[in-house]
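The two complexes that follow have subunit A in common; it is paired with subunit B in the first and with subunit C in the second.
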Partner chain A sequence: MHVDPNWLAAFIAAPGVAASLGLLFTGWGLRRSVAWQYRLALIGALINFAVSVPVLLVTQAGNRLVLQMGLYQAPFGITVIADALSGLMLFFTALVAVTTLIYARGTLDDRDRLNFYPLLLLLIMGVNGAFLTGDMFNLYVFFEVLLVGSFALLTLGGQIGQINGGIRYVLLNMLASTFFLAAAGVIYGTAGTLNMAQLAERLPQAPPSVQLLIAGLLMIAFSTKAGLFPLFFWLPASYHTAHPAVTALFGGLLTKLGVYTLFRIYPLLFPELLQEWQGFVFVVAALTMITGIFGAMAVNTMRRVLSFHIISQVGYMIMGLGLAATGNPAMATFGLAAGILYVVHQMLVKTAILMAGGAAELEAGSGSLLRERMMGLRQRAPALAVIFFIAAMSLAGLPPSSGFVSKLWLLQGAIDAGHWAIAAVSLIVSLFTLMSMLRIWQKAFWGYPKAEYQVPSPIATPSRQWLTLAPIAVLLAFSLWIGIFSGPALQWFDTAAAQALDRAGYIQAVSPTNTIEYLGGSYDAK
Partner chain B sequence: MSGLTAAILVGALFATGAYLILRRDPIKLILGLTMVSYGVNVLLFTSSTLRKGIPPVIADKKTFTGDISQFVDPLPQALVLTAIVISFGIVAFLVVLVSRRNMLVEQYGKAPDAPTAINDPFGATAHYLSGLDADPDDYEWVDDTFREPAQSERS
Partner chain C sequence: MPELYLRLLDRVLTPILLVLAAYLFLRGHNEPGGGFIAGLAAASAIQLQILSLGDEPVRRRYARFLHPMAGLGLFIALLSAILGILRGGYFSSLWGKVQLGEVELELGTPLLFDLGVFLIVFSVIVSFLLALSRQDEGKTP
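Up next, the complex of A and B:
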């Protein structure tokens, strides 16, 4: 099977064009504008999905698709590269994008949701670009593209809770981007290039102190985006204030993108430093898991609990990175593959459970677990209860779901390598996750609905029910598929991890030149 | 010498920005963020060699035979330009957010973060719940988590 690398541009062009065209419809009268924006956005997202399938298959066959924009050779032009890791991420991002669009159609109100769909596609464009780029500065730019989209989505509606959450979100993410930019400046001053393949050649030769500075700055930037232990405060302060569809999209994509950049950058640019940092990575992973789950136990509204679960689950992915930080290639591949599987599992299940939790909040008119407002959803919305139950059990790690397989894999990696402490922490946190899920189940779904809290549900009509529940079911079907047919599915993650750790192959695929040619002669930039 | 000046400038801008961000006033917060992004812009600028009077462009490339390493790298200037545009856009967005917040606070006469705002219908509830009565549990933070709501608050 062959795919022309030019198709990679479609991941950025399709959402970008659909979003721009959608904005043209704003003057048409509210209902018609929103309907057309939705149709265009759906077309854009479906094209994105359709392209991601062959890219996934080709990259899984062990190829890297490299596109040098404008045919400028590597360090001078813009490099776009898709390997198996990017391919997996792109496929599941496209899936999350399509399902979130449909879910949003079911749950959103036309009233003041103008421009929701174009903004969502702009965010997808940024996420796709960040997965594809082979250049540090472009990574920064795509981060900003998706952040600007997410700022607007988060505060769409302009209620004061959203604005308060939005200020914290914008401030902390902007500071993280500033650190990233500073790192880019130091990198360029040190290595004279921003192309990742060329950096992979040159950075390991830089003085150790400079390497430490760059790796530290990047660590601050990416761990803020990923929501790691000391830097996660923006996440629970803001996610629950937005519309459920927005929360689901953010929960499914944004922190995972931060984790992806950690998986991409550290094994590629700082292989030795990462091994030195193994203990540190495990400590951060453990603290992230523990603070996340204790935060989830301490708060009392549905989506706030689920937001803290996002943080706790990011700890498991970072545990995968820690397992990959070893000199033994087989074990490193095993650990990183487990981490990648966990990212994909979370993209599916976290989006699904935030969608289901949001639908439950809409159904009950409240997200409170402390009082009896949500009681008895099992009776009021049985289909939603079933879907939420499956998502919750997958999140807690019960078979036969992707949660079970991914946790098993991580544990096996940790125990094989003799990291007993992190294995124990992850098991205990799993138990607490299950407890937290049971608490939601008990407070929201069990019991009998109280007559005085009955409110008219905005998603009660059959068509809206269908649009709300079907996307969640699709995501969960993928999760169950990974769990049940884990043999073939796990091959994907092995390939992805092997490619992510194969530095020589990455450099060779991009093959950056070190010679600057001009008419008077040539100059060796090394 | 110019390298040292730039280093001191970056440090001063970062320090000022960090100090301002830690104030409670939203306007100072925005100013602090601007300072920090200026600091980073200067840092980016120093990643090419800082030399006086040397242009980043070769005037006549047909006849040029000299040493190309004697020219200043133009790329950091392009990077700085991109970074300025992005940080300007985000700061503008933040200004709008803060002014909108001030407007809402003025309109309803309540500090949205104050714990007294427990029955404020415009608190942390997302707008899709407006119209339904607001839920006090949506506001609480860790400090009053374990407090059972009093009977009078149950409304």
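Up next, the complex of A and C:
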């Protein structure tokens, strides 16, 4: 099977074109323009999804798709590269994008939601670009693109709480971006290039102190984006304020993008440093898990609890990175594959549970677990209760879901390599996750409705209910599929991890030239 | 009430700023200039109008075009990149020559891309300026 690398442009062009055409309809009167923006956005997201399938299949066969922007050779033009890791991320991002769009159609109030769909697509464009790019500065640019899109989405309602959360979100993320920019400057000053493949060749020759500086700056930047301990404060401050569809999209994609960059950059650029840092990575992973889960036990609103769960789950992914930080190639592949599986599992299940939790909040008119507004949702919305239950059990790691398989794999990797402490922490945190899920279940779904509800629920009509629940069911079906047919699925993640760790293959696929061509000849750069 | 001399200045300077923007836009390919800076220059002409006429007339005149214009700009920029696939690669440039009497103009997709950038920068900056110069402080937005 052959795929023209130019198709990679579709991941940026399709959402971008759909968003830009959607903006043209803003002058048409609110209801009609929102309807057209939705249609265009759905088409854009579906094209994005349709292209991601062949890209996934081709990269799974062990190929890397490389596109040089404007046909300039590697270090001069911007490289766009898709390997199996990017392919998996792109596929599941496209899936999350389509489902979130439909879910948003079911739950959004038309009134002050003008431009929601174009902004959502701009965010997807940024995320796709960051998964694809093979250039450090371009990665920074795409981070900014998605930061702009996410800030606008976060504050779309214009309520005071949203602005408050949005300002914290944007301030802390800008700070992280500044660290990233500083790192990019040091990288360019040291290695004379920002192309990742050429950096993989050149950075290991840099003085150890400079390498340490770059790796440290990047670690601060990416772990803020990923929501790692102790840099996660922006996340629980802002996520619960937005509309449920926005929270679901952010929870499913943004922190995972941070984790992806860690998975991509550290094995590629700092393989030796990563091994030295193994202990540190495990400590960060454990502290992230523990603080996240304690935060989740301490707060009392549905989506705030789930936001803290995002953080504690990121700890597991970083545990995968820690397992990959070893000299033994088989162990490293195994560990990183478990980490990637965990990322995908979270993309599916976190989006699903935030959607379900958001729908429950909308249904009850409140997200508080302390008051009795949410009691008895099991009777009022039985389908929603079933879906939430499946999502919660997958998040807690019960079979036969993807949560079980991914946790099992991580645990096996940790125990095989003899990292008993992190294995114990991950098990205990799993137990607490289950407790926290049961707490939500008990406070929100069980029991009998205490008060008469007079809340006009936005998801009351049957068609809207279908639009709300079907996307969650699709995401959960994928989660169960990974859990039940885990054998073939695990092969995917194995391939992805092997490719991500294969530095020579990456360099060869991009094959950056050291020769500068000019009119009439060429000379070798030092 | 807007000042008389500002209105006079507006009459004189706005066309000059717009011509300057067009000049910067066209020279941008090989020399300093381009869509971004031209968009800023054109937006400064609008700011002059806001200062001289007050924000309300300017908002009435331009506000409904701003979002579609940003969308159009993004679309044109992406289109110019997609057209590059005709020559084999996303973002590669296509060039053509247009004979206008004595002058030979080189037109190509990079210019189209710059036009997209111009439209986005212009409309986004103008919407910032309009939002910042809003005068009804009593009402919350």
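Everything below uses one rule, namely that the second predicted complex is superposed on the first by the 516 of 526 C-alpha atoms of A that agree within 3 Å, B and C clash if a C-alpha of one lies under 4 Å from a C-alpha of the other, contacts with A are read in each partner's own complex, and residues count from 1 in each chain.
Here, a contact is a pair of C-beta atoms (placed from the backbone, for glycine too) under 8 Å apart; a residue touches a chain by one contact, two chains touch by 3 or more.
None of the values given here were measured: they were computed from a predicted structure.
Asker: Go through the superposed model and pick first if A:L175 touches only subunit B, second if only subunit C, both, or neither.
Answerer: first
Asker: After lining up the shared chain so the two structures overlap, which partner does A:A61 touch, if you call subunit B first and subunit C second: first, second, both or neither?
Answerer: neither
Asker: With the two complexes superposed on chain A, say which partner A:A9 touches: subunit B (first), subunit C (second), both, or neither.
Answerer: A:A9: touches subunit C, not subunit B.
Asker: Identify the partner contact of A:S366: answer first if only subunit B is touched, second if only subunit C is, both if each is, neither if none is.
Answerer: It touches subunit B, and subunit C stays clear.
Asker: Pick one for A:G27: touches subunit B only (first), subunit C only (second), both, or neither.
Answerer: Only subunit C is touched by A:G27; subunit B is not.
Asker: Considering only the touch criterion stated at the top, classify A:L438 as touching first (subunit B), second (subunit C), both, or neither.
Answerer: In the superposition, A:L438 contacts neither subunit B nor subunit C.
Asker: On the A-aligned overlay, A:A19 touches which partner chain: subunit B = first, subunit C = second, or both, or neither?
Answerer: A:A19 sits against subunit C, while subunit B stays out of touch.
Asker: A:G158 contacts which: subunit B (first), subunit C (second), both, neither?
Answerer: Both: A:G158 reaches subunit B and subunit C.
Asker: Just to be sure I read the superposition right, which of the two partners does A:A298 touch: subunit B = first, subunit C = second, or both, or neither?
Answerer: First partner only, subunit B.
Asker: Name the chain, either subunit B or subunit C, that contacts more residues of subunit A.
Answerer: Touching more of subunit A: B.
Asker: Please identify the positions on subunit A that touch both subunit B and subunit C, taking each partner from its own complex.
Answerer: Common to the two interfaces on subunit A: residues 158.
Asker: Going by the contact rule set out above, which residues of subunit A touch subunit C in the complex?
Answerer: Subunit A residues touching subunit C: 6, 8-9, 12-13, 16-17, 19-27, 67-71, 80, 115, 118, 158.
Asker: Over in the complex, which subunit B residues touch subunit A? Could you list them?
Answerer: 21, 26, 29, 33, 36-37, 40, 43-44, 46-48, 58, 61-62, 64-69, 73, 75-76, 79, 82-83, 86-87, 89-90, 93-94, 97-98, 100-101, 104-105, 108, 112-113, 122-130, 132, 135, 137-138, 140, 142, 145, 148-149, 154
Asker: Please name which positions on subunit A make contact with subunit B in the complex.
Answerer: 109, 112, 137, 141, 144, 147-148, 151-152, 155, 157-167, 170-171, 174-175, 177-178, 181-182, 184-186, 188-189, 192, 240-243, 295, 298-301, 361-362, 365-371, 373, 455, 458, 516, 518-521, 523
Asker: Given the complex with subunit A, which residues does subunit C contribute to the contact?
Answerer: Subunit C reaches subunit A through residues 64-65, 67-68, 70-75, 78-79, 81-82, 84-85, 87-93, 141.
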